[in-house]
Amino acid sequence: MIRNFIQQLRKTAHLARLNLTEEEEELYSKQLEEILNYFQKLQELDTSNVEPMAHVLPLNNVWREDEIKESMEKELILKNAPEIENNCFKVPKIVKNI
Amino acid sequence: MYLPVIGLEVHAQLLTKSKMFCSCSTDHENAPPNTLVCPICMGMPGVLPVPNKKAIELLIKTALALNCEISPFSKFDRKNYFYPDLPKGYQISQYDLPLARGGYVEFEVDSEIKRVRLKRIHLEEDTGKLLHVGEGDRLAEAEYSLVDLNRCGIPLMEIVTEPDIHSPKEARLFLQELRKILRYLEVSSGDMEKGSLRCDANVSVMTEKGILGIRTEIKNVNSFYSLEKALEYEIERQINLLKEGKEVIQETRHWDEKKQITVTLRGKEEAEDYRYFPEPDIPPIIISKEILEEIKKTIPPLPLQRKLLLQNTLFLSPIESEIITSEKELCEFFDECLKLYNNPKNLSNWITVELMSYLNDQKLNFRDLNIEPKRFVKIIEMVDKNEITRPVGKEILRKYLDTKEDPEKIVEKEGLKTVSDLDFLKEIVKRVIDGNERAVLDYLKGKKNVINFLVGQVMKETKGRASLDLVKNLLEEELNKR
Amino acid sequence: MGIIKEIHNLYLKKEITVREVIEKYLKNIENWEPHVHAFLTVNLDYIEREIKRVEGLKFNEDLTLYGIPVAIKDNILTEGLLTTCASKILANFIPPYDAEVIRRLKEKGAIIIGKTNLDEFAMGSSTENSAFGPTKNPWDLERVPGGSSGGSAVAIATGESPLALGSDTGGSIRQPASFTGVIGLKPTYGLVSRYGLVAFASSLDQIGPFARKVEDLAIILQVIAGYDPKDSTSLPYSPPNYLDSLGKSVKGWKIGIPKEMWERGVEDSVLEVLDSALKVLRDLGVELIEISLPTVEYALPTYYLIATSEASSNLARYDGIHYGYRNKNQKDLISLYKVSRGEGFGSEVKRRIILGTYALSAGYYDAYYLKATKVRTLIRQDFESAFRKVDLIISPTSPVLPFRLGERIEDPLKMYLIDILTIPVNLAGIPAISVPAGFKDNLPIGLQFMGPFFSEDKLLQISYAFQKLMDFSEKYPNTVEGL
């Protein structure tokens, strides 16, 4: 069971692009299993006729007019970037299937 | 025998002034890197998206024109994946409740009307651009890449077809018709070479027994030509595999423009889990009947409708109708001219022959021209009334298009009015006959065709200002005296 | 009299200058910080510019926060001033723009005095999850101040700042307010612009104020509340004048006591202290009615599934490409992502990202995320029907007294359970306020008032009436000698 969950955890950590140490893997899989078990409680409730709620306010059609405003100076856009070249963000080799 | 089964996913940038969720300009073609970027489209911490009303309207306009059903309730979702051209780590898109579903596109294949059904049309944001640095500037060979976010956040409409297309040529014709429609609707520039129209293709082959094959997806098709070529290649590849008793693998393949082949990009098992969920930062979209009625009013007749109308009511030939409706602006120009000049057949001839040859020579599109219907019609009328000859008319048209000078003034200034002075013409005829003894001899020996040469010489002398028939008559009259 | 009024009177009489006021608070900060660590950034150059800016304004009635220091939780963006979210991944991030609330505060003459500590990305209930060390409770330096807005709450409790802003996703304003003996308000979702608040869980996050006195809270709320076109989830609503409701009688109001929030898991000492608070309410002439909110017991899993799902997406942008921490030794993109994020995020943040990613992933979406959003509907319906019977609802803010540092940090579920009484409010989107209601062994205990959508005026009205009779606003901690 636990080993199974470690597989699950590794897959999830890959999806989330998180490097986990072995200790973290062990700790998280134990904790997350416990948390998810507790969350099973939700299955007690019958929600077959309930609409899901993604927004709490009864708002809709919040749109803006198609108007151009000044962009930000590129110096400010790039200021916090770890690495830049030719006014672009620099990234290392993109390997197959990212 | 195998039947190809093809479905397309078309992405078209919408013609808005500002981006999908922020107010940065979309005019990115010649902008230096990262100059059309703000905290919102670069996904800074703390920013929030506010949808562009115009983009929603343009999508609905397209959907109505393509006979889709507009969802009364729609929403944005987040599509989660990591890539350097996607600074938020998710793309705001639409998942289970797209703005439009169903609908179809009709177009002509070998004079037959073909219908391709649509699955859906949804709205999303474009990603940034990656520049791959290193040998051959291709992804696989690049040492590193540079990210420019100018394109990031431009509104993008995704049109997904049903797998109703059955040949590479049909696929190309479909896409060409779709582009024409998008241009007629003024919702997208549709420039494939500039990337404002992009297309992925899903393709499989069906056996004689009607068993559907495994499909592959082809990416990186950047022109109508490569769409057709890529499909031809891929269909042949799949058929060959099946003939050899091998299996087609479900995967995404990349069209290699240089080598003209498709290569594996990623397999099914490597497919991303996008973890779509409703975008919590944007309230849902509710499209009322009133909104739909307003947008309906802005939809013009579509190119195929226009074409059939020209054929069936004005009796233009299919080719002429096709040319005239190839661009919305040209079609409108035809309409305007027709109001001033009630001879559609002749008008169409002037447009499809004289105007088109000018455009071809100059390598221009009609919409690049600034041509006034009044002036164009005036030229035709002058020819009709014999005030100028047709060759002169053609010349005047070119001069007018080059200089935008009033055609009547050109005629006057350059003295191009048709010569009707018989004595003057007779004198030239005599001069030509005297100066071309060999030709005259040939003619008299029975080589009657030579007369065309002599006509040409006379026209040269008159700078084309004489009526052809008249010159021919005078020549024959004079020759017969010899 | 509120502290703002007091300072403004001195300004009017020219008995003190803006600079002197700021220096006085900086002195408090200097004294307290070595013991409590409420602030992550107090930048004297920035403050100097702020003072000069405000000195250039002419004091008038409209500048309701003229020359008043405000401490800001470090997940709210301040242009040109380090904003870290208490995370290594943003340790050097200098925002190029101000959050909408900051713009509004500055416009009214406020001075941003510093950025306060929090649980990394607001994920936690104790301010122990800060990459830069925990904040301590000034009432007992061995105990936590609550979280995640622990720094802002402590800044008020110690008097390091008269006003502060925090953010509340599941109780992150109210619970630390309760633990530190100050007032904290979580506004109605959509009342205060989230533009410039670093998103944790977008459908739950709200910015809100801390203060010692209700009058001061009303004034700062007035400044930050109201429609912002940059936030699509902000409601086009004009807030009433909140000061107007202060001092009005609450006689005859019906207040619901949901048995689910008073029984299970609430420590006896908390109930004991709140008993006398209920008595005060009766003295004010309100009618206490027992009600039931049957689905609130499902609020915790519902909350943690929704919040972590949204967080897993909101925190995807910290990928070491466009800003923030990058491990520069990585040769390819995917390891750059994984190592930068693995090293940049702290333990709790990673745990929640994984939980949320899992809840949204193929095969689990329906059972976790979707199920939770459906239960959320039921929880809101429960509140809606309760508010048809009563004007407001009350509960303890926290089921427990401030606990010791390290006491719960090893057991995430145990930590999550701390939020059980504040979470339902965020799920329903309604406003709630925590008001100091007494002390047990010199540890503060808060009472939570919850109201229907946009009932901030009512919450302030009853809090004001309550504070009149049970006033702890002059009570300061004395754990540090010589202060």
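To keep things simple, chains are lettered A, B and C as they appear, and every chain counts its residues starting from 1.
Heads up, the rule we're going with is that a residue touches a chain if its C-beta (ideal position, glycine included) is under 8 Å from a C-beta of that chain, and two chains touch if they have at least 3 such contacts.
Given the structure is predicted, the values throughout are model-derived calculations rather than measurements.
A.B. asks: Nearest chain to the global Cα centroid?
C.D. replies: A
A.B. asks: Higher C-beta contact count, A-C or A-B?
C.D. replies: A-C
A.B. asks: Just how far, in Å, is the C-alpha centre of chain C from the one of chain B?
C.D. replies: 56
A.B. asks: Rounded to the nearest whole Å, what is the centre-to-centre distance of chain A and chain C, using the mean of the C-alpha atoms as each centre?
C.D. replies: So the centre of chain A lies 23 Å away from the centre of chain C.
A.B. asks: If you average the Cα atoms of chain A and of chain B to get two centres, how far apart are those centres in Å?
C.D. replies: 40
A.B. asks: Going by the touch rule set out above, which residues of chain C reach two or more other chains?
C.D. replies: 93, 96-97, 203, 229, 232-233, 312, 316, 319, 321-323, 333, 337, 357, 361
A.B. asks: Pull out every residue in chain A that's touching 2 or more other chains.
C.D. replies: Where chain A meets two or more other chains at a single residue, that happens at 15, 17, 54-55, 57, 59, 62, 64, 72, 77, 89, 91-94, 98.
A.B. asks: Give the residues of chain B touching no fewer than two other chains, as numbers and ranges.
C.D. replies: 39, 42, 50-51, 82, 84, 147, 273, 275, 277, 280, 282-283
A.B. asks: Touching chain C in the complex: which residues of chain B?
C.D. replies: 39, 42-51, 78, 80, 82, 84, 87-90, 147, 273, 275-277, 280-283
A.B. asks: Looking at the complex, which residues from chain B come into contact with chain A?
C.D. replies: Counting only chain B, the residues touching chain A are 16-18, 23-25, 32-39, 42, 50-56, 75, 82-84, 130-132, 139-140, 142-149, 265-266, 270, 273, 275, 277-278, 280, 282-286.
A.B. asks: Please give the residue numbers of chain C that touch chain A in the complex, ascending.
C.D. replies: It is residues 92-94, 96-97, 189-190, 203, 229, 232-233, 235, 295, 298, 301-302, 304-305, 312, 316, 319-326, 328, 330-339, 341-343, 345, 347, 350-351, 353-355, 357-358, 361, 367-368, 370-378, 380, 412-413, 416, 427-429 of chain C that touch chain A.
A.B. asks: Across the complex, what residues on chain A touch chain B?
C.D. replies: The touching residues are 15, 17, 54-55, 57, 59-69, 71-72, 74, 77-78, 85-94, 96-98.
A.B. asks: What residues of chain A sit close enough to touch chain C in their complex?
C.D. replies: 8-9, 12-21, 24, 28, 31-32, 34-36, 38-39, 41-45, 47, 50-57, 59, 62, 64, 72, 76-77, 79-83, 89, 91-95, 98
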